Amino acid sequence: MRRSQNETRLDLAGLLAHGSLRGTTPLYLTPSSSLVESVVLVSQLEEIRKVRPNTVVVLSPVMGSGGWLVSAALRHAWERRASAVVVAGSTYASAAVGLAQRLGITLLAADGDPSALALALAAEIGAALSVVDAELARVARAVAKDTTLADVLKTISRELDGVGVLLGYDGVVLASAGIPPRETDEVVTVEVGEANGAVPFTLTVSVPTSGVHNLRVVRSILEVATPAVKAAWLLEDLLGTTRAIPTAAIAGLDQDPVVSGMEFEEKHRHLLNQLGWREGEHYVAVWFRDGRVQDHRPELTAVLRLLWRKVTARSPLAEVQGGWLTLVPAGDQDASTQLETRIRTRLGPAFAELGLTAGLSRWQEDGPALALIVREARLAAESSRSTGPGTVLGLASLGVGAATSFVDVDAVALVAELTLPRLMASPDRDVIITAAAVFLDHRSSVSLAAKSLNLHRNTLQARLNRARELGVPLDVPSELLSVHLIAKVLQRSLQD
Amino acid sequence: MSTVLTTEDVRNLRTGAHFLTCTIDPTAIYVYAEMIQRAMEDRSVELVTVDELAPDDLVVAVGMVTQGLFIADMPPVGDEFLGCIRAIEASLGRPVRAIYSLAAANINGIVPLMVGLQSSLPVIDSDPMGRVFPLISQTTLSIGNVAIGPIALMGATGERAVVEVESPQRAETLVRALVTELGGWAATAMYPCSAQQLKEHGVHGSITRMIRIGQILDADTPVEGKLLMLAELLGTTRIARARVNHIESLSRPTDLGLPAQPSSLTLDDETTGRIIRLEIQNEILLVLVDGAVTAAVPDMVTLLNSEQGTVVNIDDVQVGDVVDILKITAAAQWYTEAGLDLTEPKAFGIPIAHPRRPHA
Amino acid sequence: MRVGLRLQGTSCRTVVLDGRAVVSAAREVLGGSLPEALESSLSGLRREFGSGITEITADVGRVLAERKLADVVAIRVSPRPPADAFHVTVLPPLVEPAVTRTVHVGGGHDLRGRPLVRLDLEAFLADLPGILSSGARNVAITSVGSTASKEHETRIADAILSSDRDMRISISSDFYSSVFRDRDYTAILNSALMETGEELAAMLEEGGRRHFPAALLSFGKNDGGRAPLSRLALAPVHGLYAEPAMAILGAAALAGIPEGEVILCTEAGASVGHTRGGLPAARSLIRQGFDASLASNAAILEPYTVHHTVRPDIPSVIADLRERPETALPFGLVPTLPAAQEAALVGLAAAPLTAWIDRLETVSGRAALQLVQNRAEEDAHSAAVQLGASPGHTNIIESNVYAMPYGNPGIVRIRVQAAGETYGIGEHTLPAATLGATP
């Protein structure tokens, strides 16, 4: 529904053409028409110093008259960014026209008593404001009818003639409606949510600068719509939690890692059936993990649920111990790959912002037990921790390499410092470490390692000897694993 | 340190007295200066500082008070001030030891010299205004609660009155009424006080200052040099050099008819584009630069011809003239609460508080 | 056709105007004496134009300035005489020697017209025989406050005339200035010029009548207007500075600018005047530095300075009046009227009859103010008609009210100028009446 915004936004041009200022004589008009948001009748020059911007300043006749008075009033009004100055009569005012022009502020001469004009203007502004109030009430009623968050955002956007409306969290867009924002838009933001939340949720509207929207009115509309936004969201969250119970149950029930997946399913067959899990159906599990252990963020569930909708709406997201879990039906390998890609592209950047990671289970032909794929997804998510926030990792791509992701990098580095002090202190340490790492990567083959590093084998041999001199045990079989581990950990820290 | 004034001093004094009130036709000052120079041929007048007098010496202010008439309209007979001094002496029963100017600017800046010549009394280098104000109650002595009366008045008719009054405002009213009936102006002697009181409350160095101003302005130096020297002597600042753009005579509402003298000037500062407005009512009361108050009474404002550095007579100002607008700070007493109460624009019917008024 | 005629030394210069066209370029006739030159000039004009000439206006300013001033007795009426020599009114050096005797009479009024002291007529009458026997023929009477009331001056004048009817008397209330010194100076100068004025008037009258019996004979005034020759004997001071006013008028007439700016370039430099209603803008005082001013309505002519503002919205004429206009004009001025040497003569010929009302009135409110102003305009109109103007062709050129400075709110000065022509002829350059409300 499109309706005209003009009657709520008063400006000088409109007031002069057909509003309460039409009886005045413009002594000087600024080229662009200013907004009018209030009117003040002053009886002393000092009063002008306190007016708000976009006010029409009317000089009361008790102030006396004289060109000097109009000049001083123009100056004060200009400093306060008033919309215009209105004086009684034009005899004394005409001398000040030059100053009005120079300062760039509109000067009007009233025919009769300026006090009467001030009253008429106040009434007109009041009427415009009450029109605004009526509108806000209508917007409130419209959004109250909506039950889903998407509908509320759409309604807000529609009320504002299709502008872009966003619900955001910590810089991440959770939901949106209307046209996407452009560089040149004016942005109005209103906070949604409890005051004690560390990071607020925001409702943002991007208004085109050349548009008809009065920014104050837009803000008011957002403020009025906020409760509806919160209500719809809470409702959805509640429904989402309900829908996710079957998913949460699996993780909740799977407490004993020793029990195999098959055993688990047999044990809980009846419950799983009741919860709606059918035997033989293929799923991919996705586990989400919060990379930031320090600050506990209870609101992330709601955030994730909204973000998850960008991937699919049909698999509910459950909050479980250690993260969040969802099970997505996947008919074949392609579906699984597609899912991984989709999560990565649509949620990757948001996850990076929020410090989250995701892990996926492997798709398997023979439909593995649900508990198993949950464990796989969890493992993948844990592994992805080490590669940094925003990582989306499928266990399939990880393979056994997942094991090394559980390495405590800091502890290993500490071991290196303590047990290989000479190496760590050596100036050519970086080169030596690289040489050792690649050497061990190639199962202690100097020629293969040299080839992969593009070095002459004698050069590499010299470096390995140097390593040995510095105390690196490259020849003790039982320690090779540890050395290899240290070398890889240190090598990775070099690359960072 | 007492000095005997020379004719050159008198010429300089004439220029200085005019400089401090450019809004008043200086013809009368010039006429007096001529008279004084001729009279100095066989008599001399002495200028003393207030310190040189004994603290309880009786001193009295002398000055013309006008109401509806220029001095030139009804020439003084020449004995009016002597008559006033004698009346004060008779009223107080003590001889007057020295005289000082009622206002060290305009004609009252120079009149004491003639009185000094005639009476052989020394003229004190002090005064109770430091500039011209229209009311006799607007004096630093008044701020200091020095009694204004008894006041002696004498007109060209030879009629003489002594007014005993306490309130300076009432004194103003009574004196005005008498002056009207005496023909339009009267010679007066008032604020009889001790040299000590004048020392405490007066503005000092007034006459030498006017002489010094005249020396600077009458010299053959370029205008910029004169402006620099004036800045050093008086702390003047040049508000702008601007071209007269508009002269208004009906710029503030009056009861009747049109004022004879322009009551506001609008000027353009062509180098910066600023619009400057002067509000005048016998004196320049207000200067607005782009609408902002830049100078306001009691600040003194005067205009100099930008080419020659001579004082511009406001009645002669034409559209197109380029003038230097100078602001001179008045004596410190005028910027106190009491001083501002007496002399800020509100006291002249312009409802603006002085920018130096401490905000409540 | 009208003649503009200027007398100087022993020469007479004339120009003849028909409507706005110059039909006879300036001709100068030198004679052995001034009457000879005049005679020669007039007879030449009669031969050429005969009875076509209807008006002759003479500028006698230069002659008045050349001739020696007659001796004058200055009578000053004030409450008390000056107490010492220094307080005596000082006259400009050129006029001072003309005053052979100063007489003080007690009297005088204030600005409201109330007497300050009683006129001490008795004492004056006692002095009068002494004054008359000294051989004085010219008297000037100046009283304090005579702008507000001329009573004391006229009573003294009457006293003198009743003893000697032929005494030439000039009273200061005939001239407007609030400054005693100015009126005193003007009355004295006027009185000192009256004899010369009489002579010149007689000379012009005689020659004019003989050659052009039907023509109207006038002399040019300081305000750019003219008055009948009879006035020359009574108020010669108004003819002293006619030439610059006529130059403005003439240049404006030739250029067809009844309302505008006139820039005159002479050997002495460039100056600026303005016309309104076809006549030069005038003020009531001719200032002379800080000396006494002459209280005569005179055209305003200011020196042209480098700061002169060019106003594109008002028409202007730049007239080159120099005898030899070869060199460039100062300030880069380019004449719009080159070779305008005869502009002053043209102005003389074109000058209308003018009359001024300049007086103080007491008013109590806006309505009274309007009444008083209307009455002054009527009086000015009548005064012009009395000079010979036709009532239907007389207009008010200027009508202004001024408040008196320094208070006295009830007293205002009303100043009105009326100008007219003898009979309506379309070729005159005077436009319809414009009421100039110049503040």
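For reference, chains read A, B and C in written order, and residue numbers begin at 1 within each chain.
By our rule, a contact is a pair of C-beta atoms (placed from the backbone, for glycine too) under 8 Å apart; a residue touches a chain by one contact, two chains touch by 3 or more.
Keep in mind it's a predicted model, so treat the numbers as computed, not measured.
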| item | value |
| --- | --- |
| Furthest chain, CA centroid comparison against subunit C | A |
| Selected pair, greater C-beta contact count between B-C and A-B | B-C |
| Innermost chain, taking as reference the mean of every protein Cα atom displayed | B |
| Geometric centre distance via CA averages, subunit C-subunit A, whole Å | 92 |
| Between subunit A and subunit B, centroid-to-centroid distance (C-alpha), Å | 73 |
| Intercentroid distance (Cα basis), subunit C paired with subunit B, Å | 37 |
| For subunit C, residues that touch 2 or more chains besides their own | none |
| Multi-chain contact sites of subunit B, meaning residues that touch two or more partners | 248, 250 |
| Subunit A to subunit B touching residues, read off their complex | 44-46, 63-68, 71-76, 78, 91-92, 95-96, 98-99, 102-103 |
| In the complex with subunit C, residue positions of subunit B that touch it | 26-27, 30-31, 34-36, 38-39, 66-70, 72-79, 114, 118, 155-158, 180-181, 183-184, 243, 248-250, 254-261, 282, 307, 318-322 |
| Complex contacts: residues of subunit C adjacent to subunit B | 78-87, 89-90, 108, 110-111, 116-117, 144-145, 178-182, 290, 302, 307-309, 363, 365-366, 369, 400-413, 439 |
| Contact set on subunit B toward subunit A in their complex | 245-246, 248, 250-253, 264, 266, 273-275, 277, 279, 286, 288, 290-293, 349-353 |
